[in-house]
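Common to both upcoming complexes is chain A, partnered first by chain B, then by chain C.
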Partner chain A sequence: MTTRHRYPRLTDAEGPKQIPKAVFIEDVEDYIGPANPLEVHRNLNELLQKYRFMEEEFGKKQRALQEKLPEIKEAITVIKFLKDRRGHDEPLETHYQLADCIYAEASVPPTETVCLWLGANVMLEYPLDDALALLEQNLNTAAASLKDLGDDLDFLRDQRTTTEVNVARVHNHMVHIKAKVLAQAQTQAQSTRAEATDGANN
Partner chain B sequence: MPFLCKPSSHCKIRIEGRNQRENSAHPPCSLTMSEEAVSAEDQDRINTFNKANIHNNELLAKIEAKKKSLQDLEDASEEAMITMEADALMLRVGECFIRLPEDAISEHIECEKGRLSAELEHLRAESDRLREQMDQLKATLYARFGQQINLEP
Partner chain C sequence: MATEGGGEGGASPQVIPIASLPLENLVQLKEQVEQEIIKLTTSVNGSRLASNRFKESVAALDTLTPESRGTQALIPLTQSVYVPGVLSNTEAVLVDVGTGYHVRKSVPDAVKYCQRKVDMLKDMMAQTAGPLAEKKRFLQAVNLHIQMQTEQRRAQQREQQQQGE
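Coming up: the complex of A and B.
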């Protein structure tokens, strides 16, 4: 431990996304140093809560993205399907969802364009090939950010586990200290009692 | 019973002596047992084990979902086979249903089945790999820490 940090450091240099890295404790006694073990224990627990919270938040993000992927994939399937239909003459007979549990009939003539919902109340008409390219690009972006998020989550999990182990080790250390003090007190009491009986006998 | 510090995760380092006061019926945890020094490699192993476990659980959930989709497809192809009426079938694409001739539908089903089976195979192989890794780590960690660590689900 460097003398610069009088109080035991909880985290090290920052990892990806400015997530602090949990320190690994080489030696618990050395780590705590002159600090109050109870306080160190409490601070480590606090850090653990933070990591848990972050892990949960990242997990939520991950689930949201995971739900988005199949939607994009479905849209791609539909466009591919429409592309295949370009040569046909007869219109495509479909039932589309009007509202929950209500479906209406529609016949779609062979088409060269499709409208994509871009969000923010904007819908834009694209030629089929362009729409496909756009959606595939979206899919790749989403997959890439999902992978990034997975890496961040793995990093967070490592920090959380390290901190959990640190909490357990500091706790165990405290138990050991208590036991040592207790044992010392007992031997002291025994020796004083022995002295006392010795004195009485003499 | 040792107090386990991590209800949320799979790998637990035992915390000694905490339940002495809470439950006096249990003998206090052995305090003479010296804590095994945790080395950086041990910490790495514990971390890797934890991650492998989380990933494996995710994989298992995915495998179950894929199995169900595959079963649904099987059912669909059976149902399609016994339909009498010509052109009675509609295929769901995204949110809409599209009327298609029977052979196009069965072709679509077969194609999807092939895709799903391949994905399922891939997921199973990945899960097996993770389980193997976890077994190895488990053996090493139990050899190092024995009763002090709990790696069971």
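Coming up: the complex of A and C.
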């Protein structure tokens, strides 16, 4: 049995991540009740803006994570490669990015440690195995966050759509009321005119 | 009266008699010109950023001298992974010339390449500066006329209201 919600109930209990779950209006007239439809419409619109804003914020976070993921995977590949070379004696000849479009050559002797740029002007030196463990942990955290974000975005999208539908139906309801009121006024005007002419004729 | 041209970058600039346009057309014109200004400004900013990057490349190349061969440095293997290493070749570098091609050039040639790019971008920016300033002046004139016409309309409305009373 669906609970019948009445205005001012716009949202149900909070869904995951404290995103409020939008209430679906079963019957518009019943939902509005004695309240002013204009006010209901306005509040529903405000709720819609909030959902849209949240969607954008989550979208930004998702894009940032999606960019980070390949970076971490690349770093892991490189560390594994360095681990494999541990036994060898010869240095590794490589090209590195010196500037935007310039690559220069360098010679890298086999090494037990590697320096990781952690951001915020911080770089730490790690033994190879520790570096690998750290990066793999970062990868897992990032992947889990990305999945959560995806789920949240789906939930948000549903709530936003529900609210859009609610806004549209309340709007249509208001149009319907106005049309009814206008029709009533017209029929009244006609009947008063009819009475007046009747009176004049009698 | 102002009949400034709103040249569309073609050989013969259109002469638009803004003094005779009705208000709605003026507003449309204003939005169009504003969009064009935004596009030109973005292009100039992009050129400036690119130019700065090439200048930085020159500074980086200056560190590769015959004396610096064999210097120890932290070599980036990826964006966040660095290893201790040694500069092995300070005579030649690979220059990314676009579309996936890298050209091996001597360090002085690489510097000249970057310098050429900087000069080319400077020319581009100079070329855009003229039309950009012209469009801004045109926009000012259009806005002025919009203001005048809006005032005229308001004055007319006020007169009509008073007559009605």
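The criterion applied here is as follows: the second predicted complex is superposed on the first by the 175 of 202 C-alpha atoms of A that agree within 3 Å, B and C clash if a C-alpha of one lies under 4 Å from a C-alpha of the other, contacts with A are read in each partner's own complex, and residues count from 1 in each chain.
The working rule: a contact is a pair of C-beta atoms (placed from the backbone, for glycine too) under 8 Å apart; a residue touches a chain by one contact, two chains touch by 3 or more.
Everything numeric in this text was worked out from a predicted model, so none of it was measured.
A.B. asks: A:Ala179 contacts which: chain B (first), chain C (second), both, neither?
C.D. replies: A:Ala179 sits against chain B, while chain C stays out of touch.
A.B. asks: After superposition on the shared chain, which partner residues are touched by A:Asp154: those of chain B (first), chain C (second), both, or neither?
C.D. replies: first
A.B. asks: With both complexes superposed on chain A, which partner does A:Glu164 reach: first (chain B), second (chain C), both or neither?
C.D. replies: first
A.B. asks: Under the stated touch criterion, which partner chain does A:Arg52 make contact with: chain B (first), chain C (second), both, or neither?
C.D. replies: first
A.B. asks: For A:Val114, is the partner it touches chain B (first), chain C (second), both, or none of the two (neither)?
C.D. replies: Only chain C; A:Val114 stays clear of chain B.
A.B. asks: Looking at the overlay, what does A:Met123 touch: chain B (first), chain C (second), both, or neither?
C.D. replies: Touch partner of A:Met123: chain C, not chain B.
A.B. asks: With both complexes superposed on chain A, which partner does A:Ala104 reach: first (chain B), second (chain C), both or neither?
C.D. replies: second
A.B. asks: Across the two complexes, what residues of chain A are contacted by chain B and by chain C?
C.D. replies: After superposing on chain A, chain A residues 74-75, 78, 93-97, 103 contact both chain B and chain C.
A.B. asks: Help me check something: in the complex, which residues belonging to chain C touch chain A?
C.D. replies: So the residues of chain C in touch with chain A come to 53-54, 56-57, 59-61, 64, 73-90, 92-97, 102, 110, 114.
A.B. asks: Mind pulling up the chain A residues that touch chain B in the complex?
C.D. replies: So the residues of chain A touching chain B come out as 24-28, 52, 74-75, 77-78, 81, 92-97, 103, 154, 157-158, 160-162, 164-165, 167-169, 171-173, 175-176, 178-179.
A.B. asks: Which bits of chain B are touching chain A when the two form their complex?
C.D. replies: 5-6, 8-9, 11, 13-18, 29, 31, 35, 37-38, 40, 43, 46-47, 50-51, 54, 90, 93-99
A.B. asks: Okay, in this complex, where on chain A does chain C touch?
C.D. replies: 71, 74-75, 78-79, 82, 91, 93-109, 111, 113-118, 123, 131
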